[in-house]
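Scrolling down, you'll hit the structures one after another.
Presented sequentially are two complexes of chain A, the first with chain B as partner and the second with chain C.
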Partner chain A sequence: MKKTILLLTLMLFDVIIFADQKGEEIAKKCFDLLSSKDSYSVSTMLIIDKNQNKKVRKMEVFTKDSAEGTNSFIRFIEPADVKDTKFLTTAHKKSDDEQRLFLPALGKVRRISGSTKEEKFMGSDLSYYDMEDHEYEDFTYKYIKDETFNNMDCSVIEMYPVNTDTPYSKQTAWINKTDNFMYKVECYDKKSSNKIKTIIFTEIKKLSGVLIPTIIDVNNHKDLSRTVLKRDNIKINTGIKDDVFSLQNLTR
Partner chain B sequence: MNKKILIALISLFILQYLNSQTDYDALFKEAIKDSTSDSAAITIPDIPKFNFSINGDNAFEFHIPVTKDHLDFYGKIKSPQFNNDLGVKLSYKTLSVVSEWQFDIMLNEFGSIDNILILRPLENSIKWSAWKFNFGAGFQFYSWGCADKINPTDNLNPRDFTKGLDSEKLSLLSFYTGFFPFGFMSIEAVYVPFEQSDIFPVNWAGKIPKEFFYEQTIISSPSPLIYDVIKLKSNRQQNKLNFDPSSFLLGGKINFNTKIADFSFSYLYDFDPYYTPFIKVKKYQIMFGAIPTGNYSFKVNSVELIRKRLHRFGADFKTTVDRFGLWVELCYTMTEDYSMVLDSIRNHNLSFAAGFDFNYGPNKDFYFNMQMMGEYNPLFDKNFYKDYEDGLPDSDEIDNKDYMKRYYYRAITNDIGTVRSGATLGLSINFKWPVLNSLLTPSISAVYAVPVDYDWQHDARYGSMFLNPELDIMPIDSLHIKIGAHLFFAWHKLEDEEIDIDYNDEIGSFNYHNNIYLLVNYKWSFNWER
Partner chain C sequence: MYFVIKHRIIIIITGILLAVFFGLFLHKLKKSAGIDSLIDRSTEHYRYYKETEKTFGKMETITIGISSEKTVFDKEVLKAIGELSDFFKNREEIEENDVLSLTTVDNMIGRDKELIVEPLVENYNDLSNEDLINIKKQVNENPLLNNRLVSKDEKSTLIIAGIITTITVVEEKFSKIINATYDKVDELKKTYQNVNFYVSGYSTSEGRITKFMTKDLIRLTPIALLVVMLILLFVLKELRTMILPIIVTVFSIIWTLSLKALLNTPLTISEIVIPVMLISICCAYGIHIIHEFFLYLQKNNEPKEAILKTMKILTIPTVLSALTTAIGFLSLISAPGISIRNMGLFLGFGVIVAMFYSLFFIPAILSFYKLKKTKKEHFEKIKNIKNKFKSNFFDFLSFIVIKYKYLIMIITFVLIVLVVISFFNIKYDTDPVSYFHKNDDFRLGTEHINKTMGGISDLYVVFDSEEENIIKDPKILKTMWELQKYTEKLDNVSFTFSITDYVRHINYVINDQNEIFRKIPDIKETIDVEKYSYINGKEIIKYEKKEVSGKEQVANLLLLYELGGGDVLTSIVNQNYSKACIHVIIRDTSTNALRILIKQLDQYIDKNIKLDNINIRYTNHYIRMIMTDNIVKSQINSLLTTLIAISILLIIIYRSFMYGLITLLPTFIAIMCNFIAMWIFNVPLDVGTSVIASIGIGVGIDYAVHLRQRFKLNYLKYENYKIAVKNAINESGPGILSNAFAVGVGFLILTFSSFRIIFDIGWIITLSMFTTSFSALLVLPSFILIVKPKIKK
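Moving on, here comes the complex of A and B:
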């Protein structure tokens, strides 16, 4: 018990000493970037395992911000195995998000567990945690250095999660000094503290003043696999109706 | 005719093959480049409103029989077969039209198309959404309940029990309305214009002991709800539609989907899938050889097998706690004998399922699911062999019409409805361990059920078991090569006999069909959107 209290105190102390003003300022500018209220895209995921076997997942993705967070509705298009499977996430601030899956083969809506954030999203190298929208308050920050990444002058900061129910002990982010966008993130395992994932936002498009990543490249150093997510046909702030994020739409 | 079907099938395969060969490598090679561009000027296409798709699900199954003395390939389970589901779906905004068909080719016996080709409608419906309503008309599938596979409240669609325990649902000609007044609540109603019955691999008439009959009389009834003994000998005829409007079904369900839990309450005005006997007896003089004895008795003159009405009241509840899914599902079924005093109608029953599931292991890829299920039959008649020694009527009472009628009803009514105990308790488990990026997925599904509260002194039953170990190999998306086994067992011990397989048990009756199987399954889809 004493050991646990000591460990918790040290962890808290760690978080406090890790936080610094410069890191916070850089992160604040990044999180304060204009974001879309709603979005639509057709996303294609190419999943390459360590033996270079490839799999493709294609889906239609709707998102919309609410007072509780970002709601999302996903309809799978490919592969045929999962075609027309629909996935509805209803965000909640004070409790776990509600997640429901519509299985067309059974014609059934299943409520599923929302707290398995480490799980791979559709077998890709992105976890459900990676797919979530995060807030500035979710982390504490520490400035590390300035570095050039892909010909961009970047600030490198470390981000430490405030909550313990995250899959990572820390994330290192490369933030472009010009547009304040996060172009690269390295994720470190909560258990081993080893670098397990590198996420690179390879292609960014500016739509109505909002920077939108359209190609996301994820290298999984643990499984030696890679996922490339490509978002096409993106539309933002089109006034997607709340009905899209409803059970009626899930069963339609 | 067959040639045309074959050409159409081959054309569909070619079409789907050509359309499934999108060059994703090229797509991504071009896409993966370092660029940040301002796309304000880029023209963005509209969200597609029109969608047309052709879908297929093709499976070849080969089963190796493993039960001694039944090493054959007969029957719908063991015969080599090529199962094909083909369908088209057209949707425009909130309107969709679906037409899906099942073509199963079975290498059962040649010489009759009936035994080689099974052609069935799957989903064939028109669906439309307007405001807070969803509507559906045509051949449809429903899925009530939240439990895993064994859903006590899911009784709308008829089922085909001829292919084993995991029975296929048959599409139901019906009308559906869903009303979604609030985000957390919805109401559903289903109307079925006439009853569409299940398919059982059982000759129900054959289950009635021949010795009960005075003469094996056949009743032909004008009522479409009454089936005569001879008709029941053919399973195909048994599933004939009767088109009687008075045989309608009506169901309703109210669903609540809250932050904490999903729960629902349902009601279904249904038909009993099993028959209820209506017995007529005839007085006859007992003969000693050709010599009349002057003593009289009553034997069965005829048995009409009738489908009786049921009221089904259902409730289900599901929540998630951390990474665990937890559920309970109940269905209370009331028969037409509301006070449960008649021997001629089965009593009410309560069936339930409760369980949990969770993911674990690396990346939480592995899946575990455990469920307890059962059935309670209140006031079950377990004293038959106590009241009738050796199962025979009292010789002093055989000239008593009421006594004999009651004897026949007690002997037949429950048995023909597969009610063999006051309660049944069961446990099912499912494990799945996908490895190597889902290239290999070993899994085990198992069910064990044991009867309680029955006449164990006459027939001691040690429960029944279904076991399905399987290895699913997925070399490419949507192609599955499955190697596994379907194993069915039920054990019992009759008085003064050895322990043996119980073929009267619902699971045990499939023991003949135990097999090791190889299944190759490919799903494909062609989509066109505008």
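Moving on, here comes the complex of A and C:
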């Protein structure tokens, strides 16, 4: 009898190990996808609150990889009353990223600190954490099942964060078996373990071999709000100059 | 009735089975203490209340007052606050971002061209004396915290936790979090003995009401049954039959509460009186039938014969009595709130059920009854003693009526005048805090918070427009700010807060905490624009003068706040800045205080504020005032409905307008005497007491009907008013008084309730039974003797 139990346990253990390995393999392919060195886009963020009130934010977004991480420069186009407000993020590996904001109607540059990873990025349903670049090593993985999503044959894996300072207890990802791109992510709350967010990459474009999401649809199940981020005029690897990401450019 | 005797076994079995069947649904009965059940949901005020709730979030919270003898800037106090705040943050019923306390709040400071949004208290478990001084300094410098989250004397503070909007008061989760809060606070009280905790907030009051409702139901129903049993034993002198009216009442309660469960309408605060009321009122039908049945048995009738004769006499009075009572209850369906409406509807239903059981079930069982010989002699003996006492007392009553009929009329007239005076002097109030007894923990806690921390009542003054971004206009913001300044000077207002406080504070912070900038930008502002450049790798800043619009500056300030990590504006402004809310925190929970405040605000707004495209509207706490006003209207409505319906019923039955009116009038006046009592004892007209008049008339009219019936029979026999009145008092008096006594004592049970408002219903209806029975025995006969109406055969 004891032997049978031992055998069953081993089999079960084996299955789990196998599942983890499979999960890791799927995730690895996804993280190894080619990415751009720099990018430019005109992004429109449509934020719809639970009462169906809509807010639109349109901005030019420049990004560029550096040794410290990805720097970004954002210039607001809409709404009109904050037009030409500029937002500069300078990445640091060993410390928090540096964020500076130039407010044209106040004529001042101010560094902002204190915003945590859970906080909403520009009042949208995406958090600062969602906007960050993540590495393969940031998670452990578990293969769950195969499933069709939007007519795509996908592998479903669960991603558990290695660090404890993340806002989610886990994320479930749908990864297309053909192009290895992550098309859907469900995020689970660290406190209640309830599903709080679903992020769907509705439209993807291939530019110079790089897969770029052009429409991102975020449903916030907790706040009952929704954000749709649309990226137009995308250009990648155009050799954006470093001084775009400078204080001088911020007040120009 | 032959039908009943013929199918008696089927009737008995069906009666029991139906009650058992309904009983199966009892456990599904839900309880609710939400304000929604008390408000007329069809009004514009309610629609707006719900709309604002959607825009600015849930309005009701759990509020904990924390105080210390010395200061709240103390390691132990902050640790207690931190622990309790973490408790709330980790509960699934609480919105994590909706826990406001000294240990959860972020503070915004400006330093060296940097905007820092950071927790006011970093780690409450490890605070140094230096940290405490720093926290105190930051609170004092931040007008969003000082005198709001921390009291002026620094001895009190608050923890405010919002329950997730999707959890409604009828759900188990709601009671669970309220109970857990009390448990946690009890636990903390033991650990932190120098810290005082006061649990309050409208959510807590709702949760506590729900809890007490269950307690009341479990406690009051058996007491009422026991008391009525004792009265029945006293009246019927027999255990076997005594149980019958009790069974009928219990069955009618089961039917009524199960119907509520089946229709999925939760039991609300005013409805906890349903079982006790049904017990008190419905037992009477059975008593009359059994009493009359005994009389026939004593006259050597067989049980079947006795019950047939009994029912021949009593069917019509029982139906009439039940119908008038049911009308009294049903008239409450004109009330504005669903709570009172349902109470009337279901009580009416219960009475009708009891009537049917009394007319079919009791006779079916009594037909099996056999009277023992010894019992018969026992009855005779008691009857003789009782009769002697009764005839002396009622002879005296009829003597008074005949001799002093005019004096009785004068006294009645004086009472009418007093009723009118009292009606205009009575307090109309809906103060959920006063639902509780004076020594109740919640009431004490709320009173403490009202005294030290500004209060739990939040009036919303909404600047409402369809135009996007209009709220960012400095003109609007300055108007709001002026209104806030005016409001804060008024009595009972502790403080106000709105988007203006944030704009002023962010402006101050971004301008390196320079007090000059603690203001709302002007329509046009001249600024120095920073221009960065690098010369030889060195950062150089030059300044350029520029004129900008104040509205854009406000937009910039708010964007800075949002991007800087601030996220609490949802309760004060909507997403597209077309609506903003001024929260006016009032230290008095009564609607009377609010009425005065609204009047002053109306005057100020009329005189000083002229804005295009913006309406200024009140809501939230304001809805309680509207509710109170509606209660007064509904009191008059339901009284009129009762009067008209009962008049029509009596006129049809008596086929005489005069008789209908003469029978009704004394009861009406007697009921109106409630208002004198309420005036003298300072009992406000609220959701509880507003139902008394309608119920009182429905129950009390029976006495007048009985007397009038006996008077008619006697008049037809003797054709003399005086003899007919004297005999009518003698014959109907004992029945009227014993019934009034039984019902009155039954209602008195309600004084054991955990709620002050139910306590008031209890004693006032008991008083009504006294006044209506005596008015039937004194005022009605005097009326008849003076008016001398014609009697039709």
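The rule is simple: the second predicted complex is superposed on the first by the 231 of 252 C-alpha atoms of A that agree within 3 Å, B and C clash if a C-alpha of one lies under 4 Å from a C-alpha of the other, contacts with A are read in each partner's own complex, and residues count from 1 in each chain.
To be clear about the criterion, a residue touches a chain if its C-beta (ideal position, glycine included) is under 8 Å from a C-beta of that chain, and two chains touch if they have at least 3 such contacts.
Just so it is clear, the model here is predicted, and its values are computed rather than measured.
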If we overlay the two complexes on their shared chain A, which of chain B and chain C does A:L101 touch? Say first, second, both or neither.
second
Looking at the overlay, what does A:R111 touch: chain B (first), chain C (second), both, or neither?
both
For A:D153, select first, second, both or neither according to whether it touches chain B, chain C, the two together, or no partner.
neither
So, does A:E119 touch the first partner chain B, the second partner chain C, both, or neither?
both
Does the superposition put A:E203 against chain B (first), chain C (second), both, or neither?
first
Using the touch definition from the top, say if A:N233 reaches chain B (first), chain C (second), both or neither.
first
After superposition on the shared chain, which partner residues are touched by A:T251: those of chain B (first), chain C (second), both, or neither?
both
Does chain B (first) or chain C (second) touch A:S192, or do both, or does neither?
second
Please tell me which partner, chain B or chain C, touches more residues of chain A.
B
Go through the superposed model and pick first if A:D133 touches only chain B, second if only chain C, both, or neither.
neither
Per the definitions at the top, what is the overlap between the chain A residues touching chain B and those touching chain C?
47, 49, 53-55, 79, 81, 106-108, 110-116, 119-120, 123, 246-248, 251
Under the stated contact criterion, what part of chain A meets chain B in this complex?
40, 44, 46-47, 49, 53-56, 77-81, 83, 92, 95-96, 98, 100, 106-108, 110-116, 118-120, 123, 127, 150-151, 179, 202-208, 215, 217, 225, 228, 230, 233-235, 238, 246-248, 251-252
Chain C partner contacts - residues on chain A that touch it in the complex:
47, 49-51, 53-55, 79, 81-82, 85, 87, 99, 101-116, 119-120, 122-123, 191-192, 194, 246-248, 250-251
Across the complex, what residues on chain C touch chain A?
54-55, 89-90, 92, 96, 106, 110, 113-118, 469, 472, 510, 525, 527-534, 539, 543-544, 546, 548-549, 551-553, 555-557, 559-560, 562-565, 567, 574-576
Touch list for chain B against partner chain A, complex
20, 22, 24-25, 27-28, 31-40, 42, 44-45, 47, 53, 55-56, 94, 96, 127, 129, 132, 134, 141-143, 146, 178, 180, 183, 186, 255, 257, 259, 261-262, 318-320, 322-325, 358-359, 363-365, 436-439, 476-478, 523-525, 527
